[in-house]
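Some structures are shown below for you to check.
In the two complexes that follow, chain A is the common piece, with chain B as its partner first and chain C second.
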Partner chain A sequence: MSVFTEIWSILSTAFSTTEFYTMIIESTAPILLAALGCAIAAKANATNMGMEGIMMMSALVAVLVSSALGGAGVGPWVGLIAAVVVGCILGFLVSVFAFRLKIDIILVGIAMNLICTGASVFLMYSITGDRTTTTSLISGKLPSLSIPLIKDIPVIGTVLSGRFVLTYLAFILVAVLSFLLFKTKLGLRIRAVGENENAAESVGISSLKIKTIALIISGAFGGLGGAFMSQCYLAYFSSGLIAGRGFIGLAACTMGSANPGIICLCCLAFGIFYAISMFSQSMKLFAISSYALLALPYAIVLIGVVIYSIYTRNKELERLRGLDSEEKTEQNKAVE
Partner chain B sequence: MKKLLTVLLACFMIFALVGCTKSEGGQEEQGETAEKLKIAYCINGTTGDKSFFDSGTEGMQWINRDFGDKVEATTIEFTYDDSTWRTQLENAFMSEEYDIIIVGTYDMLGMTVELTAEYPDQKVWFYDEQWDFEANPRENVLSLLFKQNEGSYVVGYMAAMASQTGYITFCGGMSNTVLLDFYAGYKQGALAYNPDIRVEETWMNSFSDPSTGKNVATASYSDGADVVFACGGSAGLGVFEAALDFEGAKVIGVDGNQGAAFEAAGDTEKAARTITSMTKNVNQGFYDTCKKELDGTLEYGQNYRLGLNGGYVGAAVTAATEATFTAEQLAAVEDVKAKIASGEIVVDTAF
Partner chain C sequence: MEDYLVMQDVTKIYNNGIIANDKVNFSAKKGEIHAICGENGAGKTTLMKMLFGIEQPDEGKIIIKGEEMRLNSPTDAIKAGIGMVHQHFMQVPTLTVAENVTLGIEPTKGLKFDHNKAVEMTRECCEKYGFDINPEAHIQDLSVGVKQKVEIVKALVKGCEILILDEPTAVLTPQETKELFIQLKNLKDSGCTIIFISHKLNEVKELCDRVTVIKKGKTIGVWNIKDVTEADISRYMVGVDVDLNIPKKPAEPKENVLVVKDLTVYNEAGKKKVDDVSFSVRKGEIVGIAGVEGNGQRELIDVITGLAKYNYGSVTLMGKEVKDLNIHELRKAGLVHIPEDRNLYGCARSMSIKDNMVADKIANPEYNKGLFINESAIKADTDKWIEEYRVLCDNGEQLCGMLSGGNVQKVVVAREFTSYSELVVSDQPTRGIDVGAAEFVRQRMVEMRDAGKAILLISADLAEIMSLSDSLIVMHGGKINAYFPNVKELTEEDLGFYMLGVKHMSDEEIGAALHE
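Now for the complex of A and B:
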């Protein structure tokens, strides 16, 4: 009894700070953007492994462009556009190597990550003279947005209002991507190509073109994710800035079976555990080592992926059993 | 078209390679200048971290400036790809090009222990991690240990002085012995000023990801802490970012004078939040050790401990420091420094 009340009292103090909830939202956003980018590529049967590298490169370009324009006023916005453009270009490059030059797409993704890791440091050093962070540049931030009516609601207002522009955009894009995938002609074609390329080709859809478009859009999402890290979350680029968020996005995309809604929930789950791991350290929430706590969100992702793969395997087995029994009944009929 | 793109891809990959290995070219160009004492400062990372490695590189520059006729010091960057560190270090040993190799940190300890046994004629200065001379006796090795606990004691004392809420935290990179040594001094110093103060340790588990630093610090500040000791390379830079979101939040920098660095970069907001920095003057340490080597007074096979006494560690004073503390308070800090240097205060250590 006393143990429960004790745990509850600790939990309630931790969860009563608004920063806890804002951290959930803010740490979810970049992963969500990455996951949505992976999702549209996955729907076209093209795994965008290069998401991490795309994010890194566009994060750097956003900072460089923005600081070149003075870092204030329109600067960060132009930086954001530049980041998206770079993301698109890199997405296009992935598609060129994978589909025109027929290199395995996973290898292209890995190569993309390696190139971007090296090239971003190389560019940063040759342009700014710094090798780790661009703190010597004034690159500015994208503004935070306060929402008129919601901001006046006591607790929820401080959590939901005043977040970064790209945070709102990330969550809006969940709906936009669902619409794009399930309600538009392009979405139908992407899904058709992803399900069965030959069938799509047979009705006159150019699978090459559709896959290229999907990867370009995927790159654009990566660009937004990168710009989020270097222009919203922090106001500079650092070589360790992306820290595996592209890969977590890829995992979230797999867990959410490339469905934007489910992906959003997976990313939120990651965000919740991430925030818990951050907060429980100084609050001494649980008497666990800080290493275990910091690994918690990643462990959750791993467990999620395992559960998902068991689930899909069972479903597949069930489907095969169904086919089997159908065949049998047909045979029985034939015998009769 | 296909060919062009293949060439483009190749060019891109070369980019990546060039980005990684740029510094190695320098070491070969040096050759042929005989009879000078050659020192190679091998860093398991790159310069540009604005603290630790940069400070050591600066030390090399001082050595070249002042003893340029007798010594030739170079910096070799191993980059952050830890899979290549062992090979690169072994290359430095095998080349027999350097009279002295400076290498350090916890990550490099194991391989240096092995290599120094294989190459008993290669002199090595090992810094920033305890070398157990009883278990691994080496006549060719000396170890330079910075007493970060002493500097941390001073900034911990100052943190407790500056705290309004009576709650301060330590935001470390990874909990290795050196970082725990920082924490031990910090905690003791804070408790010495105010025995009732609450000191918590938090870890980022990274030296490179500033977003984690920002989040860990955000959690601390929103929990009521008002001074955070950002102690973790470039990941620690995120702590300064978090401080901007909280009124009255203060940060203590590490390794270099981070407040002055922010001021120099024009980031006045962050400079104002940085009440002090615990400086670890790697440059001074290397410079003085080199001087001893030239004088012939340097003894190998033992640990040198570089502390407040001699100015190897300290607490930086900037405009923000003077704005935060009164003259009497700063005098009290100086008093504490003197007591540590004289041995009157014995600081806890994690070693």
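Now for the complex of A and C:
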């Protein structure tokens, strides 16, 4: 079988199966949470490179707290709250290092990722005695939600209903974040600080405060993303659990120009390739290496970012041209 | 009339020990336009920063409406009714005018930012003071003149009664300046006190009611504007008469040094910025380029100084095609360049005066001893230059970033003028520096000319370009619009017509710019 026919067979089976669509939605959610978190930070002109680490740490904490409470009942919920709190704290730490101690924010992000990678394994090992996963703990999952009425619609019902609570939350947060950024006072201030810090300072807005708030909220999103991975996607934590989702979120945020709506679309696009990658693992393949398919989402991100950068460059040039011609007409007017 | 604002014996000493203000006294009445004049580094900006709460005085009092104030932040100053229009606009480009104007005092409706209310507030304020601005336009789409109006409205909407303008006309065209002055006078009539900081004495004379002169951190005095002439003010500022007529002999131009022929330059966006330009600069003459900013001068200079490439036409320096040389080779061929932005291109702010001065000569044999740098030779020469170019500093080890603008410019000029040169490209050599330093730089340029160098001068200061240049090129829309072989016959008004493209010269007259 040739590569092309095999790709065709993967795609045709995938797109005609309902599980594939649920896979898309479920694999979009964690990237989306990460991307939204990066977006609010990006709007305040702070690149939250540490998103990956924040997700990792909060995913582990969610599992540990939940299992300490028995892994059932309120356990996972308290775990979720703990994850968000850890996310906020780590976001705050990034802001302290970057803006109070004036360390380059990219370096702070890289350090955060390295520390969290090490610390999560250390913590996991000292508590469970296992270096790779927390499967020995019973931490449970957050429940799925079946939506009345919608669940009775054939096909669509099975895709849209019965998803994890956090999946729904992720998509709702797109609208919430849009509202926050574009319709509230805080959002206006975040955008003002992000674009021209001096302008904000000159009217008495503390840019330090605004950036700190933005990074704390960003951390909270990372916490939700982490909890999704260890409490919805899987029911345990493992060292490779986040697997670059924080970074992909960052990429999606950049491609979506930190605009929640566009970010959501970018994440869905990535989600589709995640789903293809996952779906194909269950098929018998000959021509294509299953490892190549595992790498698919990451390759797509790379291609996406390149296309995005070409696109923005052209757009910027177009804008400059537009300004030029406007200037000319204005000058002509002035002369007349 | 009662003094509305009083700054009494205000002293500010910065952490590095520099006394920026030494018992400065300043007062303003309600409804007057009060100018503050002084050289660069005289302490005008520091004084205003204290008034706007950015810096705090070490000693002295700030009294507003008879009440002593402690201004710890801009927020305090805004509350006390003070507004400031900074030299660089404090605006967020992608937000609307209304959003920018109400930033910091945002109207809200429940959780929401009330955009309609913000637009209404802005419109009300614009109507009240007669500004014509669309509150819903985005800042990035506005011209510089309108942006400045937005900046003023921003202060007014917060109820400001004292408006500080820090060199507001530096970025404006003559027409925009005229409009601004009308509006400032309107504001004054409605009871606003305006503090006007400017280097342009003719503007001070035209606009203001009183003038306070500050020199070396001290108040020299306060005068009613009608009692003093421009020459008086500049004398108070620098202590000596500034001769605005630069003494120079008639030029004796010799052979061509720089020849620009049929040059066309496109910018990144593919727009034609320089359009079929031909001219030459000869030994022993100063050729000026005048024009409203953005008419191709920038691109032309970038090409001549090797900072940008060109595809159409030719530019030759001492017979060599500039395109084929890198910056190092260009300098070896005799190019020196005083760049427009002294802080970005002119010097390394975090390096010492000494290092900046020898930066382009460090490879010279006299500054090297085998593998090592000859520190003592460098020190001897740079100390000599510091004295010769009157750089105000403790010693050559002081960082360039610590100097005031005028002194940084002197460092740049000292470095460039002490290098081997055939062609001197002087791009806005006196922009934003004080009268004394400007005078000094101008005189040096004339000396260089008399020593047989070719000088290309670009300046937005019409008085400077007209008194310094021997011949003058006017650029408009990327083309040479006029060429005056003898500047003495030219009036400022006439020059304005050519700069704005109202008048055009014939191709033949323009062709004379290229001496072959």
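Here, the second predicted complex is superposed on the first by the 292 of 336 C-alpha atoms of A that agree within 3 Å, B and C clash if a C-alpha of one lies under 4 Å from a C-alpha of the other, contacts with A are read in each partner's own complex, and residues count from 1 in each chain.
One rule holds in what follows: a residue touches a chain if its C-beta (ideal position, glycine included) is under 8 Å from a C-beta of that chain, and two chains touch if they have at least 3 such contacts.
Predicted model only: the values in this text are computed from it and were never measured.
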{"item": "Per-residue touch tally on chain A - higher for chain B or for chain C", "value": "B"}
{"item": "First, second, both or neither for A:I81, with chain B first and chain C second", "value": "neither"}
{"item": "First (chain B), second (chain C), both or neither touched by A:E19", "value": "first"}
{"item": "Touching partner for A:A243 - first (chain B), second (chain C), both, neither", "value": "first"}
{"item": "First, second, both or neither for A:L69, with chain B first and chain C second", "value": "neither"}
{"item": "First (chain B), second (chain C), both or neither touched by A:T135", "value": "first"}
{"item": "Touching partner for A:L188 - first (chain B), second (chain C), both, neither", "value": "second"}
{"item": "Contacts of A:L169 with chain B and chain C, given as first, second, both or neither", "value": "neither"}
{"item": "Residue numbers on chain B that touch chain A, as the complex places them", "value": "1-2, 5-6, 9, 12-13, 15-20, 22, 46-50, 80, 169, 175, 200-212, 214-216, 218-223, 225, 234-235, 237-238, 241, 262, 265-267"}
{"item": "In the complex with chain A, residue positions of chain C that touch it", "value": "73-75, 78, 84, 86, 88-95, 99-100, 103-106, 108, 111-113, 143, 154, 158, 175, 268-271, 294, 477, 500-502"}
{"item": "Contact footprint of chain C on chain A as seen in their complex", "value": "183-185, 187-189, 191-192, 195-196, 198-205, 317, 320-321, 324, 327, 330-331, 334-335"}
{"item": "Residues of chain A defined as touching chain B within the complex", "value": "17-20, 23, 27, 96-97, 100-101, 111, 114-115, 117-119, 121-122, 125, 130-133, 135-136, 138, 229, 233-235, 238-241, 243, 274-275, 278-279, 281-284, 290-291, 294"}
